[in-house]
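Shared between the two complexes below is chain A, which has chain B as its partner in the first and chain C in the second.
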Partner chain A sequence: MKEAVLLIALTLFMVAIGLQLYRVIIGPSMPDRAIALDTIGVNLISAIAIVSIVLKTKAFLEAILILGILAFISTIAISKYIERGVIVERKGNR
Partner chain B sequence: MKINDVILKTVVKGVVFIILTLGVYLFFSGHNAPGGGFIGGLVLGSGIVLLYLTYDIETIHRKMPFDFKKVAAFGVLLATGTAIGSLYFEAPFLTQTDGYFTLPILGEKHLSTVTIFEAGVALTVVGTLVTIILSISEDE
Partner chain C sequence: MNVKEIVEWIAVILILFGSVISVISAFGMIRLPDVYTRSHAATKSATLSVLVCLLGAFVYFWFHDGYISIRIILGIIFVFITAPVSGHLVTRAAYRSRVPLAEGSGEDELKPVLFGESNQIDHLAFAGGKVEMQPLVDKDVHTSILTEDERMDGEELQVDVPGDKVDRKSSDSLNTDENGK
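And then the complex of A and B:
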């Protein structure tokens, strides 16, 4: 029973990631793509957590942490590129 | 144009310490668990890249005056230094040794020279990562 529920949840996460890939590729504007990529990161974290429950192991917890950090940094980088055109500024203008 | 990013700066000031702590933890858990010098160096480097993203190059260079090419060079020197050090004990190149020591507060601990080699690897990865990111993302 528990295995079936976990596998159904994993399948639904994969379906959600597929739908967000559609939004990344087709997405009419760049902010759509940024939000879709961030959501893909969150769904991947949840999928890895479910895999770690299914396999009864703790070895994926570091992967979850690192994936969260990289999703955070990449969302900031994409947003800054969309808003200002540069990613790392030479000097602060404020 | 003044840009108002108070929320980003305030969040990053706290989050950077979490990222650096995770990097140090991954660096020291390298023997029997996922982790090691390469992964720890990557996480430390992404924390530094997050600082560069949020602030700018001049501010971070004023607070953290490292030339990251020299950091990478020092890391390679440290790693090959521990590798050459084994030649003085009539052992093959890159031989590492370990032992169990009783420390005053911590009790019996397993210490090995692989940690010094891994520190060299981590410094190399941090220096190379930050140099690459700064080179390809500069605006001029």
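And then the complex of A and C:
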């Protein structure tokens, strides 16, 4: 019974990821896609938590941290690229 | 049904609640008209859904296995800190690369401060969307949004010609002269 509820929750997260994938594909501008990709990463985190409960293992809990860090760093890199046109700025005096 | 079962059920229901909030935020991402309004759906409710879901997983592991997971706590803190920051950065980049506001938005007061009166477009290639060479708020939309009082203010501004100002200045100077006398 608990597993059924957990699987329903996992399905709802996958539905949310699918809807945001629609926004990634047709999003009219680049920041739309960046926001949707960030939200997909954040939803994948909770999907991994549910999977690790269903499979009765603790091995996936590191993946939560890794995915959180990757989603944050990639979103910041995309937004800097959209704003400035470069990701790593070189401020040289020459 | 002992305490362990009850707490596990509470954890499972927290996870279900988080998934429902996530679907609601996904519908917000689909239905809202603008980048700036979509960022509301993407940052606030998605962050809440992930926090509730990870809290449910933490409680479940705690009472099912007797295992207090430091990693899940770290994940909760990290998501709670970084999701608003990333949403703010993406929205800032969107505004600075001149992604247009939705039709029916109010007056854009940041635009003359940031871009001035000149309308040159430099980072358009990165916006990639339907950005037109016009100011962000169309005049038609603007006048349709105005209330009657604002319209009357606008008419007064149009009537206010320079000659009138000169008259007012002269009358003011006359008044000050009279006060000085």
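Note that in this section the second predicted complex is superposed on the first by the 91 of 94 C-alpha atoms of A that agree within 3 Å, B and C clash if a C-alpha of one lies under 4 Å from a C-alpha of the other, contacts with A are read in each partner's own complex, and residues count from 1 in each chain.
In this section, a contact is a pair of C-beta atoms (placed from the backbone, for glycine too) under 8 Å apart; a residue touches a chain by one contact, two chains touch by 3 or more.
Predicted, not measured: the structure shown is a model, and the values here were computed from it.
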Next on the checklist: For the combined arrangement obtained by superposing on chain A, do chain B and chain C clash, or do they fit?
Outcome noted: fit
Item to check | Degrees between the directions from chain A toward chain B and toward chain C, using C-alpha centres, nearest 10 | outcome: 120
Checklist entry - For A:76, is the partner it touches chain B (first), chain C (second), both, or none of the two (neither)? => result both
Next on the checklist: Between chain B and chain C, whom does A:62 touch in the aligned arrangement: first, second, both, or neither?
Outcome noted: both
Item to check | Touching partner for A:39 - first (chain B), second (chain C), both, neither | outcome: second
Checklist entry - More chain A residues touched by chain B or by chain C? => result C
Checklist entry - For A:53, is the partner it touches chain B (first), chain C (second), both, or none of the two (neither)? => result second
Next on the checklist: Rounded to whole Å, what minimum CA distance do you find between chain B and chain C in the overlaid structures?
Outcome noted: 7
Item to check | chain A positions touched by chain B in one structure and by chain C in the second | outcome: 62, 65, 69, 72, 76, 80, 84-85
Checklist outcome for this item: Listed in rising order, chain C residues that touch chain A in their complex are 8-9, 12-13, 15-16, 18-20, 22-23, 25-27, 29-30, 35, 38-39, 42-43, 46-47, 49-50, 53-54, 56-57, 60-61, 65, 67, 69, 71-72, 74-75, 78-79, 82-83, 85-87, 89-94, 96-97, 99, 123, 126-131
Item to check | Interfacial residue positions of chain A with respect to chain B in the complex | outcome: 59, 62-63, 65-66, 69-70, 72-73, 76-77, 80, 84-94
Checklist entry - For chain B, which residues count as touching chain A in their complex? => result 1-3, 8, 15, 19, 22, 26, 33-35, 39, 43, 46, 49-50, 52-59, 133-134, 137-140
Next on the checklist: Give the list of chain A residues in touch with chain C in this complex.
Outcome noted: 2, 5-6, 8-10, 12-13, 15-17, 19-20, 22-23, 28-32, 34-36, 38-39, 42-43, 45-46, 49-50, 52-53, 58, 61-62, 64-65, 68-69, 71-72, 75-76, 78-85
